[in-house]
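A, B, C, D, E and F label the chains in the order they appear, each numbered from 1.
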Amino acid sequence: MKFIIAVIKPFKLDEVRDALTGLGVQGLTVTEVKGYGRQKGQTEIYRGAEYAVSFLPKMKIEVAVPDDLADKAVEAIQAAANTGKIGDGKIFVLELAQAVRIRTGETDTDAL
Amino acid sequence: MKFIIAVIKPFKLDEVRDALTGLGVQGLTVTEVKGYGRQKGQTEIYRGAEYAVSFLPKMKIEVAVPDDLADKAVEAIQAAANTGKIGDGKIFVLELAQAVRIRTGETDTDAL
Amino acid sequence: MKFIIAVIKPFKLDEVRDALTGLGVQGLTVTEVKGYGRQKGQTEIYRGAEYAVSFLPKMKIEVAVPDDLADKAVEAIQAAANTGKIGDGKIFVLELAQAVRIRTGETDTDAL
Amino acid sequence: MALAGMAPALAFAQDAAAPAAAAAAAAAPAAPTISGGDTAWMLTSTALVLMMTIPGLALFYGGMVRKFNVLAMVMQSFAITCLVTVLWALVEYSLAFSAASDAADAKEFIGGFSRVLLAGMDPTGTHALAPTIPEPVFMMYQMTFAIITPALITGAFADRMKFSAMLIFITLWSLVVYAPIAHTVWHPNGYLAKLGVLDFAGGTVVHINAGIAGLVACLVIGKRKGYPNADFSPHNLVLSLIGASLLWVGWFGFNAGSALTAGPRAGMAMTVTQVATAAAALAWVFVEWAVKGKPSVLGIISGAVAGLVAITPAAGFVDTVGAFAIGIAVGIICFFSATSLKKALGYDDSLDAFGVHGIGGIVGAILTGVFAKMAVANSEGAFAATLKDAPDTKLGLIEGNAAQIIIQLEGVAFTIVWCGVITFVLLKVIDLVIGLRVDEEVERDGLDIALHGESIH
Amino acid sequence: MALAGMAPALAFAQDAAAPAAAAAAAAAPAAPTISGGDTAWMLTSTALVLMMTIPGLALFYGGMVRKFNVLAMVMQSFAITCLVTVLWALVEYSLAFSAASDAADAKEFIGGFSRVLLAGMDPTGTHALAPTIPEPVFMMYQMTFAIITPALITGAFADRMKFSAMLIFITLWSLVVYAPIAHTVWHPNGYLAKLGVLDFAGGTVVHINAGIAGLVACLVIGKRKGYPNADFSPHNLVLSLIGASLLWVGWFGFNAGSALTAGPRAGMAMTVTQVATAAAALAWVFVEWAVKGKPSVLGIISGAVAGLVAITPAAGFVDTVGAFAIGIAVGIICFFSATSLKKALGYDDSLDAFGVHGIGGIVGAILTGVFAKMAVANSEGAFAATLKDAPDTKLGLIEGNAAQIIIQLEGVAFTIVWCGVITFVLLKVIDLVIGLRVDEEVERDGLDIALHGESIH
Amino acid sequence: MALAGMAPALAFAQDAAAPAAAAAAAAAPAAPTISGGDTAWMLTSTALVLMMTIPGLALFYGGMVRKFNVLAMVMQSFAITCLVTVLWALVEYSLAFSAASDAADAKEFIGGFSRVLLAGMDPTGTHALAPTIPEPVFMMYQMTFAIITPALITGAFADRMKFSAMLIFITLWSLVVYAPIAHTVWHPNGYLAKLGVLDFAGGTVVHINAGIAGLVACLVIGKRKGYPNADFSPHNLVLSLIGASLLWVGWFGFNAGSALTAGPRAGMAMTVTQVATAAAALAWVFVEWAVKGKPSVLGIISGAVAGLVAITPAAGFVDTVGAFAIGIAVGIICFFSATSLKKALGYDDSLDAFGVHGIGGIVGAILTGVFAKMAVANSEGAFAATLKDAPDTKLGLIEGNAAQIIIQLEGVAFTIVWCGVITFVLLKVIDLVIGLRVDEEVERDGLDIALHGESIH
């Protein structure tokens, strides 16, 4: 199994979710994060104090998938989250050793 | 070492934490997340605009453990977080290559 | 490639970011988390109800780096986040199987 | 408000010699003496009505938008407060009210220039419409109405208008829509006043006016990107509840203050305001509970605002029974206008400026024609004095004067046309010249940072 | 409030012919003239007291609950405002105050039906208890007290009562607990009034009443799931601080407004209100600092509210020294009642409706009997007039009248029994019929979404 | 305020017999009768000015700090409200105002002890400075000024002062800085009053005073750790906007209330307050827009507060044109003082207590000397009466009295020196004895938990 972590632009969340469920993915977990990268934020100015906004709001999606779905999932996320503009984000794929569904105790691909 | 990621129902946090510390786990990290899965949320209605709440509040626990504790930790989490109702969440186990305690520079199992 | 997860004290964020960019790291992702560990929080008292604050505010940094940068990155984080006081946090290193830049579709080290 | 004592005088004067009566009314206060009690109440009312806009309306609206637009939303109410204050002192007050005691200046659709920069306003003098308080207090009180009206419009085009375009639009709108409508309704020689339209505290001038402008604005500027599919749920209804609460409390200044005195009529206006508001809030929330399954915070506060809107024209004319009837009616009607109607017609009146203020104002205007009663209207003031000579005058349908409903409808129609047409033209021109709408990307990522360089953490 | 001028008249009349004096007092205002100044202040006071409930109390309570219950919490104050407004206009005002000027209707425990739907309330007429303001203003002012009292109770059963059950409970409670208690205390022929109980602005009627009802309610409904081990820490004390601040500011309308005139007695009531509040807030926070190690925001605002509660019955009777004494005493006592006592006895009065309002009200009632002074009480109004004939009357213990403390205790005891018994019966019946409490799962996951379909983002 | 009718009397009396005129003015109200209208307005004004501090200022400041310091910030305003209330009733009122009607006690720099614990304050009596309202009302109104002034200072040392040190500092500062300055400016025999300084509502007493104290405090205590490089961006400007709005609304009580009557002068004071505030807000935000590229919420609300500050001394003296001039000037000047000046000089006046209140107060004091007009000043009251005998008196530069600017500068200089020196000494002594500043770690991790054991969730 693979554990996929995708950092995307917030307004793309629904599209990415739909793309993944389209592949048969049944669940995922989302976190509000701040991203630092090539994309530069605007400057916030408060009574003359200027703060370069270097951390931009992003959404992090974590989704565990069976190995055979991994490539399709990555592609689907990439396609759905893409705007072609800087700051679109990243997808990271990690090996997932084990998965458990808490409710039933099912493990591994049954648990996803 | 293993890096365990558990997504649970928020009100189960204290029980899970206690179960883990009962095993000798000394630390863990918690994040407020939103989960999408089989469990369906209620509908929010604002002046006629209805929004199906598809993302539900969950807690994500991240805990690094030595290999020998991993199975017990997974079991402990599963037992403590279980309500038998849909949406109880998942446990994911990843291989952890290296761990460092920032304060002392200790590494690996000493660092946990 | 490696996927580094560091849990640090919030006020150390800028220093750690600077240390990493000093190494040539181009991006990272930050999450507000709560940490449970050896460091104990103060007690909050509300009209006689006392709550031991066991979860303390921390920052979680996630950064993907090429293998050759991994050690330096860990060292840099450890040096920058260190105050020598309990609660300084941890660094966890995981194997990263794959990385994709959403905007361009570049993969692996090109994507970082 | 201004018409507290005047409108009815004109209402029944229809049967008689309208202009004469109006002139008499305007000339009436032979020896105006300033009353400490009345002045105290009107100073207080002015503070209360200002509080309705900042922070009241700012929060009511601010809580309903998404988190990254909340500063842009509250900014609009605050900026409009500043902008209209300046306009009012410069020229708008003069356009709306200057001519009240000046026959030569008494046109039907607009005042004159005798009060430009408040020149000639004697601190110890009075305005013919409020003979017991200093004119500066009357001017200030009226200013707070001129402030909240355009601020109400901003709910319709929330989340997508440029701040610069908004400032220009509001400036022009204040001068060519608000000032004339206020003049026609409240000035004794005004067109609608002479027609006999009953509008105690601004149902027409404030609410129908703002509601229609809002409808036109949201049609011209278009829907929010993603509407209605994306998630536009309110980010913090506690803010909206604070706002609605301050609107309610402040509305005592709006409606009871419109008596322009601290006496029986203010007391009755306060009473019916409270009753209609509560009835409308409960009506909305119970219908919602029945139809949608749950009573919501947004529902109950929306119902309360709808009640406040509908009782506004009626406040000095109806009794408790009328207040209940108006409240229940508007609560039910606005529930449907803000939910089903909007959905059915497909426009994006984002925070229901039209659905609540426009529709609620029209309901109130018509029902004022139904429930207006002499016993309430003549409880005090210039009107009462006039009525002494015409004790048999009938006011509303309930007293047998069916014609009043026609008059009320004429007032509504006039306002819809004047406001609708001019608002449309103004917006189209501004759109051509500088563009009304922010860039798509700005709208998507939030206006707070893009327009104002600030955000909520 | 109503009793401003009446209660003391009855207090000393004990030694003499109580009924006669009361009748005289009620009949006194031979030629009531409406005063613009008094009316202005009472219109303002009405707005201030309404602001105490919405948004004041809503925020004070809303900030103290967990984030997923904040909308349900503020919803209760808002809905009660609407509900009681309707009840009051329909029948509750009549039950509490209708008979004041009508001998035939003057019962000891309840009024009559002469003001049902506010019928017969002449806009220009007055009520015997407030001869210088229009009756609608008096009625509205009293309404705001009838609103805040049940809203105070909701703190006791926060986070676990069904919204429907709450609406039914408050409806019944208003009619069979609030209206009679208000009548017995403030109507000249009321049972407690005749006994000579001193209650200037509602220590008994509002605070002891709400506090006891809260205690009974939290006992009947049971503890919050997880109490006291789980984390119930307040999600946003900034909201609570806004709420406490608006309660404080609004309390000027509550206490100084209870003079029912804009004169010396209002000035003194405002003075002692401010002093007692500040003293209580500091007393609480310094004791907390000493005992718990830190001065907290929740501590200082709770102390302020305790001070406001305790000075309420005393406001028109005590001087600055009395205010200091009452404030310091209640600050210390309520600190212990809201912390140790609750813990010791183990009930879950979630937001301390009993611990602050019940205990604070009782402390205030008793200390009013200690510190009441003629020099303050007779500074103005009907009472002063009556007192001219009895200049040697002694009021509180401090003036040598120890018996007043017994009288005050009788008032407290009567309220505890009446309110306690009826509240218990009402709740048990509602529990049997529809159930008081939400499902366990709803309580655990938060009421906002489950009951109202909304959440804070 | 107090000097509403007095200061000008002294202003022109310079040319004549100052002491005599002052004595006459003080003795003038031969048969003071309490006015219901005036009392109603002053009761209301007192509530409004209290609302400025809690929750107004608490929120204005609270929204500007980082999230983990917000409770500590709002705690300061609330605690100061309690603390100064107690001090004022105990002795501070006596020190500031006791001697007004007592020749023997009439010193130039401080009052006496005749009102310690408010002894001798007859509920039905009056104070010489406010002959138409009960003395308790005058005392309460003045109290609210004594509360907000030290609360304003807290903005300068936000995020780093110990709560205990703050309480001690404010206690001493109130007694040895606020009370004397209030006395010198507002008591007829006060040093600055005799000099002829014009300060209608407290530009000197409140704003310059607080601003200078803030500047000294932030210099003594030092910069926030990390300033100016770390991110100190405001965590929630919606709170600040609510605060600014309530400051604005409450300021009607502050400025129009300073007429001490409900009449023409209050009306004019309200008018110019509104105009100057709006003009200053727009001036700030347009300059910001031009210079920084974006109009910000913090900008427009800061500009509004600057306008309110600057019009304060001028409110009873200037007309609409003067108000525009003052507003525009202060909006532009304070924009630079709060941005460039602070940056250039490098002190950390965290929330611009000096940059807005100090500078704004000085601008207002000077421009009062420019724009003060007889036509406004003599519209009502004791002053008007006095002026009847001196109809040719010239007030400001605009009327040809250039000397007034020098007098105004003397007032400014006196306040700077008195306040600056004593504030410095007080802080240095407290720092030596118990330390002013929290530990570095506390400052870094936030004051809320460390000082008060609470946090925002």
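Operating definition for what follows: a residue touches a chain if its C-beta (ideal position, glycine included) is under 8 Å from a C-beta of that chain, and two chains touch if they have at least 3 such contacts.
Values in this document were obtained by computation on a predicted structure and should not be read as measured data.
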item: Graph separation of chain B and chain F (steps between touching chains); value: 2
item: Length of the shortest touching-chain route, chain A through to chain E; value: 2
item: Interface sides of chain D and chain F: same vs different residues, half threshold; value: different
item: Contact-richer chain pair [A-D vs A-C]; value: A-C
item: Separation of mean Cα positions, chain E and chain D [Å, integer]; value: 35
item: Between chain B and chain E, centroid-to-centroid distance (C-alpha), Å; value: 48
item: Distance between chain centroids, defined by C-alpha means - chain C, chain E (Å); value: 53
item: Set of chain A residues in contact with two or more other chains; value: 31, 44-46, 94-95
item: Junction residues of chain D - those touching two or more other chains; value: 35-38, 40-41, 44, 231, 233-234, 242, 262, 292, 294, 296, 298, 453-454
item: Full enumeration of touching chain pairs; value: A-B, A-C, A-D, A-F, B-C, B-D, B-E, C-E, C-F, D-E, D-F, E-F
item: Residues of chain C defined as touching chain B within the complex; value: 2, 5-8, 31-38, 54-55, 58, 60, 74, 77-78, 81-95
item: Contact footprint of chain F on chain C as seen in their complex; value: 11, 14, 41-46, 53
item: Contact set on chain F toward chain E in their complex; value: 34-41, 43-44, 46-47, 50-51, 54-55, 58-59, 62, 70-71, 74-75, 78-79, 81-83, 85-86, 89, 117-118, 121, 123-124, 133-137, 139-140, 143, 163, 239, 242, 262, 451-454, 456-457
item: Contact footprint of chain F on chain E as seen in their complex; value: 35-38, 40-41, 44, 48, 67, 233-238, 241-242, 244-246, 248-249, 252-253, 256, 261-268, 270-271, 274-275, 277-279, 281-282, 285, 292-298, 300-301, 304, 319-321, 324, 375-376, 379-380
item: Touching residues on chain A, where the partner in the complex is chain F; value: 44-49, 51
